[in-house]
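Two complexes, one shared chain (chain A), two partners (chain B, chain C).
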Partner chain A sequence: MKRPDRLSIGGLACLLVLVVFALGSLAGAGGDPDAIVGPRLQPPGPGWWLGTDNLGRSMVPRVMEGVGTTLLLSSLAVLVTAAVSATFGIIAGYRGGYLNELVMRLVEVLYSFPAIVLAILVAAVLGPGQVAASASIVLVTIPLMTRLVRAAAVAVSQRDYVTSAVISGARLPRVLGRHVLPNVAGTIAVQGTYALSVGIAVEGGLSFLGFGVQPPQASLGVLIQQGGTYMIAAPWLILGPGVVLVAAILSINVVGDGLRDQLEPRETRSLT
Partner chain B sequence: MTGTRAILELDDVTVTFTAGPPLRRIRLNAMMHVSLSVARGETLGLVGESGSGKTTTSRVALGLHRPTGGAVRFDGRPFPRRRRELAGRMQAVLQHPHWSLNPRMRVGQSVAEPLAVLGRPVGDLVTEMLGHVGLEESFATRYPHELSGGQRQRVSIARALVTRPDFIVFDEAVSALDVSVQVQILNLIRDLQEEYGFSALFISHDLGAVRYVADRIAVMRAGEVVETADTATFYTAPAHEYSRQLLEAL
Partner chain C sequence: MRPIRLACGVAAALLATACAATGTTTQPSTGPQAEAAPGYLAVADDALPPGGTLNAQVHIDSGAATGYDPQLADVATTWQLLSLSYETLVTVGPDFGIEPLLAEKWETPSPTEYVFHLREDVSFSNGRKMTADDVVGSFERLLASESVWRGQLGPVRSVTKDGDHTVKVTLKEPYTPFLAALANVPAAVLPMKEINDRSVDPATTLLGTGPYVVEDHRQDVSWTFKRNEKYWAKGKPAADTLNITIAPEEAARIAALQNGSAALATLGNVDSAGMLAGARDVQVVTQATTDLYYLMLNTKAPNSKFADPKVRQAITIALDQQQIADIALGGKGKPSAVTPAGLPGACDPAALPSASKNADEAKKLLAEAGAENLTFTLSIYSTQPAPAVAQVIQQNLQQAGITVKIEQMDEASWSGKVYGKAPADFDAALSWFAGYADPGMVTKWWNPEEAGFNVGFMTPDKELNALIDAAGKEPAGAAREKALAAVCARADTDAQMIPLVTRPATVAYRSDALSPSLYSTEGYGNVLRLVADARVKKTR
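Showing the complex of A and B:
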C-alpha cells in the first residue's frame, strides 16, 4: 500500500479542523450562537472576529454551529445511503436477473431527477426541516452509490473464491457477508466520501432556499442565505460560511481521492 | 467401468444458452449430448480448445449449472435439487491463482472455510492440510497477496481437500502457472490422489499436463465429446481425426 500524498493529508487535516470547530461549538467554545453581542452588521473586529449579523449576533459561534449542523446532517444521511446502497447493490450485483433489473431501473428513475429538484420535492412532501434535508441527501446520493457498488459486486461475484465458497456449500449470507462485502468495502468507503461532499452541497442548497435547516439554528446553507441578503452592506457575513463550505467540500473530495488511490486504484471514479 | 460404481455420471447432457431479444434470440449449444463418467479414484482428463464447452461441463458437474437436457448422477443418485446436500463431498480448484483466494481473508481462514460451512470442528486440520501441500504452518496467518501463484494454488488444493471430498474438479488449475511450478503442482495432485483416493475431473487445454495426471481422456469440440480413451491409448493411437490434430499441434 503506497503512502498517501500530501494533498490528501492536507485535506484530512483541514477536515479535522472543521470537525474540531463543530465539536467545540457543542462544548460551548466560541460563545452562545444565539447571543446578541454587539451592534448590527459590524465588520470584523475585537469581540466578533467574523463580524456581527443583522441581529447583532457574533458570526464566530454561528459558523461553528453551522459547520456542526451541516456535517452531522450529511454524515448521518451518508451512513443511511451507504447501508441502503450496499445492501441493494450487493444483492443486485450478485444475483443478477430480474432483481438486478428492478433495482437498477428504480435507481435510474431517481438518478434522472436533478439533485435540487428532488430535494425540493422531498421538502414539499415532508415539510421543511432537518428531516427533509437528510432524506434529500439520502435520495440524491443513493443512485450513484448503488450503481457503483453493484458494478463492484458484479466483478467480485465472478471471482473464483466466491465460486469456491458456493461449491463448498456456503449459504447466501455467508457468501455475501464474508466474500462479497469485504471486497466492495473500498468502493463503499470512497463513494461515501464523495456522497458526503454532495450531501453538504445539497444541505447548503436546500437551506439556502429555505427548505432545509430552519433558523435560528445555524447551518452553512442558512448562514449563506442570511449573508446573501446583506451582501452589499456586510459582505463578511457570506464570506465566513462561504469559505468554510468550500473548504469542507474541497477537503472531503481530496480525502476521497486519496482514499480511492489507496483502496481501489482502478475500480472507482469520482462523482461529478 | 471396471466393476466400481461411478462417482459422477453425465448422461446425454445438453446445455443451451440463449441471448439477445425475443424473436432475434441467439441459441448456443455449449454441450450437446455429452456423456461422461468418472469412476472412484479415477482422474478423467477433459481437453479441448477454448469455447469447446469444457468450463460448462465443469459447472454442470459441480451443480452450478442445471443442464437443459439429460441427467447428472453423483454417486449413483440424481443430483439433489439443493446443491448444499453435497457440501463437502465435492470441491474445486479453479483457474486464476490471483482470484482463487479471498484477499481479505487469511490463508488459514480460507482453508478452514469448507469445514466452517459444514459446522465441523477445525482443530489442527488447517496446519495438517497446509503440511500436506508443502506449506509451513506460518502460512496460515498470511494474506494471499504475500503468496506466489504456485503457493496460492497449493492453498486452493488444501482448501479443496480439507473436507476429504469424493470428487474434485481441477478447472485449468495449473494453466496460469510457470512450467516448473506446473510440474510441482501436478506431482502434488498425483501424490495427494494416491493418499486420499479422490476422483477428479481435470480440465485443461494443455495436453501435456493432462497426460501427466489423467487415467482416461475425453476430448471436446464444439460442445460434443469426440473421443474418450485411456491415456496411454490416446497418446499413442488417437482414434478421432480431431484428436490427431490436437496431438500434432503439441
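Showing the complex of A and C:
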C-alpha cells in the first residue's frame, strides 16, 4: 500500500477539524446557537467573532451547529445509500438477467431526474424537515452508487475464486457476503465519499430553498440561504458557512481521491 | 491543485466581501419614517401625464376558496386586491380619519342613526348608475351572510332608503366603530340589481364601482386590471393598466425591483431598506400600521396543553414584546395590547397585568398548573417576518422553561391547519390581524361567537365578551378609553389569543418608473389603497 499523498492528509485533517467543530457544538462549546446575544446584524467583533445574524445570534455557534447538522444528515443518508446500493448492486451484478434489468431500469428512472428536482419532489411529499432532506440525499445518491457497485460486482463475479466457491457448494448469501462484497467494498467506500459531498450540496440546496431543516436549527444550507438574503447589508453572514461548505466538500473529495488511490490503484482500476 | 486554488479563491472573495463591510453596522431604524407631506410617505406628482402600465408584485394571491365575493373575503391580502374594483361608502384618510367615498357626506342625527348622502355620478363598471337600492341591498346581503365582517357592523336594526341617493342606517344601540367598519372591502357596495337577477355572480365576477376592472386573473400567478372608463373620480385612475404579479419569494420581488420589471412591490423582510440600499432608483418606505401579530393558544384541542389559564398567563408573562419588536421586526413594530398601538384611545401595553410580572412568576404559575416542563409546537407560515417573530418567542419562553418547537409551512397549509377544522388540533399558532382605524374593532375578534373563524380553538369568555360590547357602545373619550383598558386587561388574563407587536408594512418602488401616493399609516393591510393616484413615469 503506497503512502497517502499530502493533499489527502490535508483534506482528512480539515475534515477532522470540522467533525471536532460539530462535536463541540453538541457539547455546547461556542455557546447556545439559538441565544440572542447582542444587537442584530453586527459585523465580526469581540463577543461574536463571525458577527451576529438578523436576530442578534452569534454566528460562531450557529456555524458550528450548521456543520454538525449538515455532516450528520449527509453521513446518515450516505450510510443508507451505501447499504441499499451495495445490496441491490451486488445482487444485480452477480445474478444478472431480469433482476439486473429491473434494478438498472429503476436506477435509470431515478437518474433521469435532476438532483434538486428529485429532492424538491421528496420534500413536497414528506414535508420540509430533516427526514425529507435525508430521504432526498438517499434518492439522489443511490443511482450512481448502485451502478458502480453493480459494475464492480459483475467484474468480481467472473473471478476464479468466486467460481471456485460456487463449485464447492457455497450458498448464495455466503458467496455474496464473503467473496463479492469484500471485493467491491473499496468502490463503495470511495463512492461513499463522493456521495457525502453530493449529500452536503443537496442538503444545502434544499435548505436554501426552505425545504430542509427548519428554524431555528442551523445547517450550512440554512445559513447560506440567510446569508444570501443579507449579502449586501451583512456580508459576514455568508462568510462563515460559505467557507465551511467549500472546505467540507473539497476535503471530502480530496479524501475520496486519496482513498481511491489506496484501495483501487490506477493499474487495477479497470473494471474488467 | 486546481480545486484547492478554486476553494482559496472563493474563500478569499468571501473574506474580502466581509472585510469591506466590517465596521458598518446595520441597526434597527426606530425613528419615524420621513414623510413627503403630512400623513404621506409619498405623494404622486400630478404634473406627470396619466396613462401607462403599472407593474406591481405582491407575495400572495387572494384566497381561492372564498372566490371574489368581497363580503366573504376574510383576509387583508384579499381585501387589498378586491379594493381595486370595489368601493365603500366611506374610506380611511391619513392618520385614520374617516373620509367620504361613495357617500359624499353623512349626518349622525343621534348616536344610533347614520344618514348617508350618496354621490350621484357613480356607476358600476358595466355602466349602470349606483343607487340607494344597491347600498340597502348590500347591507342586507352582508347582514344575512356568514361573513366574518357581519359582526363588525355592530347592532344594525334597519337600513332604509330615502330617495335614490340617501340611505339611513339605524342601530339598536350606539356603536362607535360603525363608520370605521364601513370603510373595509366586505362592506363594499355591490351591484344588487345584477346579483338579484342572477346576471352576475360576485363569487366569479368582479363588478364594482372601483377604479379598475379585472381583465385577467390566473390564480397564484397574476392579475391584470384595466382602468374603469366609467369611474366617477375625474382623472383617476392615472395608470391605464395595472399588472400584479404574485411572487411568493421575497428575493424574486427584490430582483424584479432591481431589474425594473416591477415598479412597486410589497416586502416582508424588515431589513429590505438596507438590502436595497445600493439599488439605484429604488425607494423603500415603511408604513406604520395598526396590524398586530398575535399568538393563538388552542384551548379546544383534546387534552389541550393550554386549558389551564395559569399556563396561558405564564406564557403571556414570559413573552417580551419589546424584544420581539426590536429584534424580529428590526425596531419597526411596537408592543401592543388588544387595541392596536398607534390608534387614538388604545391601551398602554405596559399597563397590562402581565407586564408587571417576571419569568420567575411565570415559572411559579406553570408549577401551580403542573406544567413545569411544558413543550408545545408553534405553527407558523414561512412568510417573513413570521419566522423571525416565532424564533424570538421561542427564546422568550425558554427563559420560563417552556420548550417551543417551530413548525413552518406555506400559508395555504397553515391556514388549513389553523382554521380548517373544529376543534383544531394545533398547539399554538402565529398570525396577524389588520388593526383597522378604530381601537375597538379588532377586539371583536376576541369573541369567537362573533368572529367565527377562531371558534375551533378559542373558548368564549363571557366576561371578556361583555366588556368588548360595552366598549363598543361608549362614545370616543375618556369613558371609552377606560372601557377599552378593561377589555385589554381581561384579554391579557384570558390569554387565549395574546397580542404581541404591530406589524410594519414595507413597500418599495422605482422612483424612475413610478410616482406613487402612500399613506404614512395603514389600518386595513392595504398597501394599494392609493394606487389609483399613482403616475407611471415609464414601463419596462
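As a working rule, the second predicted complex is superposed on the first by the 265 of 272 C-alpha atoms of A that agree within 3 Å, B and C clash if a C-alpha of one lies under 4 Å from a C-alpha of the other, contacts with A are read in each partner's own complex, and residues count from 1 in each chain.
As a working rule, a contact is a pair of C-beta atoms (placed from the backbone, for glycine too) under 8 Å apart; a residue touches a chain by one contact, two chains touch by 3 or more.
Owing to the predicted nature of the structure, the values given are computational and were not obtained by experimental measurement.
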| item | value |
| --- | --- |
| Clash or fit, chain B versus chain C on superposed chain A | fit |
| Angle at the Cα centre of chain A, taken between the Cα centres of chain B and chain C once the superposition is applied, in steps of 10 degrees | 150 |
| Partner chain(s) touched by A:Leu239 [first = chain B, second = chain C, both, neither] | second |
| Partner, of chain C and chain B, that touches more residues belonging to chain A | C |
| Which of chain B and chain C A:Tyr111 touches, first, second, both or neither | neither |
| Touched partner set for A:Asp160, first chain B, second chain C, both or neither | first |
| CA minimum distance (chain B, chain C), superposed complexes, angstrom | 33 |
| Interfacial residue positions of chain C with respect to chain A in the complex | 1, 3-4, 7, 10-11, 14-15, 17-18, 20-28, 250-251, 269, 271, 274-275, 277-278, 323, 327-328, 330, 382, 387-388, 390-392, 394-395, 398, 406-409 |
| Chain B partner contacts - residues on chain A that touch it in the complex | 159-161, 163-171, 174, 178-179, 182-183 |
| Of all residues in chain A, those that touch chain C in their complex | 7, 34-36, 39-44, 54-56, 127-128, 210, 214-216, 228-236, 238-239, 242-243, 246-247, 250, 253-254 |
| Chain A contact footprint on chain B (complex, rising order) | 62, 64, 83-84, 86-88, 90-92, 94-96, 99-105, 110, 113-114, 117-118, 156, 159-160, 163 |
